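The two complexes that follow have chain A in common; it is paired with chain B in the first and with chain C in the second.
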Partner chain A sequence: MPWWQNIPFLSLLLCLLSAAVCFVLPSRASRIWSRSVLGLCAAGAALLLFFLLRENAGPFTYMMGHFPAPWGNEIRCGVLEALLAALFPLIMLCALVSGSPWLSGAARGVSSGRESACDALCMLLSAALLAQIYSNDLFTCYVFVEIMTLTACALIVFRGTGKALAAAMRYMVMNLVGSGLFLLGVALLYDLTGHLLMEYLHTSIRALVLSGRHQRSLTLILALITSGLGIKSALFPFHSWVPDAYSSGVPSSNAIVSSLVSKGYILLLMKIYARVFGWDAVLASRVDLVLLLFAMAGMIFGSLAAIRTRDFLRMTAWSSVAQIGYIYLGIGLGAGAGYQAALFHLIVHAFSKALLFLAGGHLQAAAGGAGDLESLSGAARRKPWAGGCWTLAACALTGLPFTGGLVSKLLLGQEALRHSLPVAAAVLAVLALSTLLNVLYFLRTAMILWSPEKSPAPAAAPPMGSPPVTPAPRFPLSAPALGLLALGILLTFLLASPLLEALETGLIQF
Partner chain B sequence: MKADLDRDLVSSLDEALPEESHLDSGHLHRHDAGVARQDRRLAAGENRAARVSLLVYRSISVLAALAVILILLWGVLDLPLFGRGNNPVENEVSLRYLQSGLQEGGAVNLVANMILDYRAFDTLGESNVLFAACCTVILLLRRIQDRESAVSPLGEASPSALPEDPVLALGARVLCPVILLFGIYIILNGHLGPGGGFSGGAVMGAGLILLRNALGTERIGRFFSYRTFRRAVFAALSFYALSKAWSFYTGANRLPSFIPAGTPGAILSAGLILPLNIAVGLVVCCTMYGFFALFEKGDI
Partner chain C sequence: MDLQALLDNRVEAAAIVLFGIGLTTLLLNRNLIRKIIGFSFMDSAVFLFLASEGYIEGRTAPVQNILSARPAGAFVSPIPAGLVLTGIVVSVSVTALMLALTVRLYRHYHTLNLDEILHLARREEE
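Right after this comes the complex of A and B.
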């Protein structure tokens, strides 16, 4: 076995170990430790990707312990997994480095140890994300889904304000329902097949489908798993927890929760469709149509809600609902090119949503911590680099040229044309309408941000209901991290064809 | 959706209230009183609308829950019957756990083999679930107390600050050693019989909680402070991660692991299972006790 095949397991275990280490370190040391581990994980995965592409090797499995596949645990890695495992820790690193500190000045002096706990939770979250990427075992996935749920809840609630508590309560109720449905699905699946490992599950399910037995249960399981993970990743009708949850923390935590956590669940769902059920079984149960409908509804209603709200952070959060709709639209359009579009948009959205929240945090700080759109007028002029990054991310989510968003919209449209006429027409119409709505609210916000009129002295008291924003962050690395995310958005456009090629290879190996 | 409705209800009540207080103040012109009465009637109408929509909402949610229950039952009827010998779950996986677990894992308790050897990675995740919950509760509830102000805001109300209850104290003194010893036995015996880290840790945690209630926070703080708690959790989790990293690495690379297996049935046997049980027990015990202490007083 070549040495580089140890990288996935090493980065997973390193993240888990670092969580315990960060917990006992003082806050400064834990900050440095967690950032370096994230950088190391991203670099390791990039190395892994390099070797996978150079050797032109197929996917490999890695035995977690002394026992082979159906008995012991196993992880599996191909090009797609390595790519995502390099990008997710990188985005998390940027979010941690460029955002404000976890706690504002006054609270920090009093409560030593809380920052270390936050860092420990971030390490656990990155371990869980890596496990979603690599794991080849459905129950391992469930265990790490639990870790993701809990750590994301902590990142939503850790400021302890009333708004954060309410948001976390809502988040927890919805997400536990989602976890429960997913667990029910896994348990029923185990009852039908006697396996938890994905390849073996796939063989048993195919045998069941061919023999025509237990069709009812299989459909039920597919529905349970889809709705469970759909709730957790804020698919349209299950999105009620999103606007509060994505806007209650500090910019770093908002960026992490909105851009990474939901992606872990979506990736898991795609993995289950591709590796456990097989796309044919999914097609046979008509789940793809349901996903298409929900995705299109989400694209419209998410944008409409974003237009209606006057709160800067809530607008950004609502736009997530629409963007998650794009990703599900790709999944609903089918295996192959649809998946490719979905994954491409997943990457673009992870970059741009993180950038949107982080740059938005800087802009809010420049405007004196105000939460509503009007009081942010002129903020981008006071911090042109943050304003520029925000505008770039907004362009990417709208789908303007020179950003990856354009590529993903083109891919989605192209894939829709291969479907039957009604589906294609509906998808194209919704894509056009959604782009128009995106332009409406992003353009409006950008115009407010760049408006020349100097607003009077920063608002003395932020309006009721908006979260108090921490004082202006003074992190030296903040601008380079934002620049890195912006570069990512540009690179997804400039290097679109090698990226798509890598995604295609990855999907064949998936 | 429900919260929206609730908010509507609250806001309509808020609108209604000031008008009433205005009325009560007494010196109103007739015209004003008329407007106020009209407003109140309007508010009452909104109120009724909110109540009706709440009722509709509740009945819809009950119906939806019933529908989900029926669908789930309908799906469950299709499953293989429970306990049949030829069910899909009776396959080569469980067969190998049962037949060769003793030789391969070395623990007489086959469940311990399964969760701490065959599928140790899942259990590593599980203990980190507890750790994540712990961190969250610490973030939310832990209040740092200055050395000068000995009594925390909640301290006076908490049971530990009450005068010592003789019955509780005597009972705890008699029971706690037995409980703790029993917990340790369950953990150490985890690879030989029913038990293990999760159950034994829970018993020990319960013993510590009883001790804290009987003897007070100060006395238990002498040997179990926040610092001890942090160090114990760190030691257990990092030992688990490091030892399993070694075992995964040697397993996947087909290297010898140098971990003695011992003879099955002896107390020092089953390779890593005994130390891992101790680590899991430590984490569970600390989590249980830590939750109690944090919820009770805001500090461990």
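Right after this comes the complex of A and C.
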């Protein structure tokens, strides 16, 4: 076995151990430690990707412990897994570096003393994400799904305000329903096949489908797993917890929760479709049509709700519902090119949503911490770099040229044309309408952000009646981190064809 | 015929009924403590299901005795029990987190009714 095949296991182990280490380290040390571990994980996965592409070898499996295949636990890694395992820790690193004064409480003039706890949570979350990416065992996936839910809940409640507590409770209730359904699905699947490793599950399910037995049970299991993970990743009718949960933390935690956590669940669902059931079984049960309908409804309703709200953060959160709809649209359009479009948009959305929340946090800080849109007027002129980053991310989510969003929309449209006429027409119409709605609210917000200030306040005097001014916190490495995310958005456009090629190879190996 | 199938699978059927009770309590009950109890019901139902599926009548726990070695066929598979144990650990940590959240919410809003809490939180915001 070549040495680089140890990277997935080692990065998982490193993240899990660091979670324990960060809890006991003082805040400064834990900050440096967690950032370095995330960087190391991203670099390791990039190295893995390089070797996988250079050797042109297929995916490899890695036995955990000393139990061979049908019983033991496995890691399985191909090009796609390595690519995502490089990008997710990178985005988390950017979110942490860009917002550390918020996390340490320095931005509010207090030292929360909870920074090392937050670092530990982020390490645990990245371990869960990596496990979601790499694991080949369904029950291991379940355990890490729960770990991800718990850490995300702790990040949502990070500020400790009443609003955050209520949002976290709502989040937990919905997510526990989701995990319950998913767990029941996994238990039924295990009962039916006697396996937990995905390859063996696939063989058993193929045999069941061919023999025509247990068709209803298989459909039920598929429905349970789809709705469970759909609830957890905020698919349209199950999105009620999203606007509060994605808008009640500090900007860094909002960015991490909204851009990364739901992606882990979506990836797991795609993995189950592709590797456990096989796309034919999914097609036979018509789940793809349900996903398509929910996705299209989500694309419209998410954008409409974003237009209606006057709250800056809630608008950003509502746009997530619409964007998750795009990803599910790709999944609903089918294996192969549809999956490719879904994964491409998953990457674009992970970059741009993180950037939107982080840059939005800086803009809000520039406007004195106010939450509604009107009071943000002119904020982008005070912090042009944050305003520029925000606008770029908004362009990416709208699908304007020079951003990856355009590519994913083109891919989705192209894939829709391969379907029957009614489906193609519906998808194209919804894509056009949703783009129009996106333009509406992002353009409106951008115009407010960049509008000239009404009264050129002399030397930015604080408004009357504001609390005593604490010295503005310094964000030492914020601009480079935001720049890196912005670069990611641009690169998904400029390097679209190699990225798509890698996704294609990855999907063949998936 | 169908009744016989139901009788044969009575434990599994009971588990599914319990799962339904737990799920509806978790979703629809407004009281936070009852929601948590519903969650416990739901998870325990899945564990009951797994445990009943993992047990085969006439076989024993997979512990090999050196004095009287038995063939592998005499044991049940240890994996379902392992899954249940792992699941219980997960369930306990989730319950702990939910209870901690409930305590914080009660201290803040002096009520356990989630609707009232959400209402108060919204008013607090304005």
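Just so we're on the same page, the second predicted complex is superposed on the first by the 477 of 510 C-alpha atoms of A that agree within 3 Å, B and C clash if a C-alpha of one lies under 4 Å from a C-alpha of the other, contacts with A are read in each partner's own complex, and residues count from 1 in each chain.
Keep this in mind: a contact is a pair of C-beta atoms (placed from the backbone, for glycine too) under 8 Å apart; a residue touches a chain by one contact, two chains touch by 3 or more.
Just so it is clear, the model here is predicted, and its values are computed rather than measured.
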Task: Touching partner for A:220 - first (chain B), second (chain C), both, neither - done: first
Task: Which superposed partner A:146 touches (first chain B, second chain C, both, neither) - done: both
- [ ] Kindly classify A:180 by the partners it touches after superposition: chain B alone (first), chain C alone (second), both, or neither?
- [x] second
TODO: Between chain B and chain C, point out the one touching more chain A residues.
DONE: B
- [ ] Please work out whether A:204 is in contact with chain B alone, chain C alone, both, or neither, and reply first, second, both or neither.
- [x] first
TODO: May I ask you to decide whether A:510 touches chain B, chain C, both, or neither, giving the answer as first, second, both or neither?
DONE: neither
Open item on the list: Applying the document's definition of touch, where does A:1 land relative to chain B and chain C: first, second, both, or neither?
Closed with: first
- [ ] Kindly classify A:344 by the partners it touches after superposition: chain B alone (first), chain C alone (second), both, or neither?
- [x] neither
Task: Contacts of A:162 with chain B and chain C, given as first, second, both or neither - done: second
TODO: Check the residue A:326 against both partner chains and state whether it touches chain B (first), chain C (second), both, or neither.
DONE: neither
Task: Overlap of chain C and chain B interfaces on chain A (superposed complexes) - done: 71, 139, 143, 146, 150, 153-154, 157, 160, 170, 184, 190-191
Task: For the chain B and chain A complex, residues of the former touching the latter - done: 1, 3, 71-72, 74-76, 78-80, 87-94, 96-97, 104, 117-122, 124-126, 128-129, 131-133, 135-136, 138-140, 142, 144, 230-231, 233-234, 237-238, 241-242, 244-245, 247-254, 257
Open item on the list: Using the touch definition from the top, list the residues of chain C that touch chain A in their complex.
Closed with: 19, 22-23, 26-27, 32, 35, 39, 42-43, 46, 49-50, 53, 79-80, 83, 86-87, 90, 93-94, 97-98, 101-102, 104-105, 108-109, 114, 117-118, 120-121, 124-125
Task: chain B partner contacts - residues on chain A that touch it in the complex - done: 1, 5-6, 9-10, 13, 16-17, 19-21, 23-24, 62-67, 70-73, 110-114, 117-118, 120-121, 124, 127, 131, 137, 139-140, 143-144, 146-147, 150-151, 153-154, 157-158, 160, 170, 184, 188, 190-195, 204, 214, 216-217, 220-221, 240
- [ ] Would you tell me which residues of chain A are touching chain C in their complex?
- [x] 71, 139, 142-143, 146, 149-150, 153-154, 157, 160, 162-163, 165-170, 172-173, 176-177, 180-181, 183-184, 187, 190-191, 196
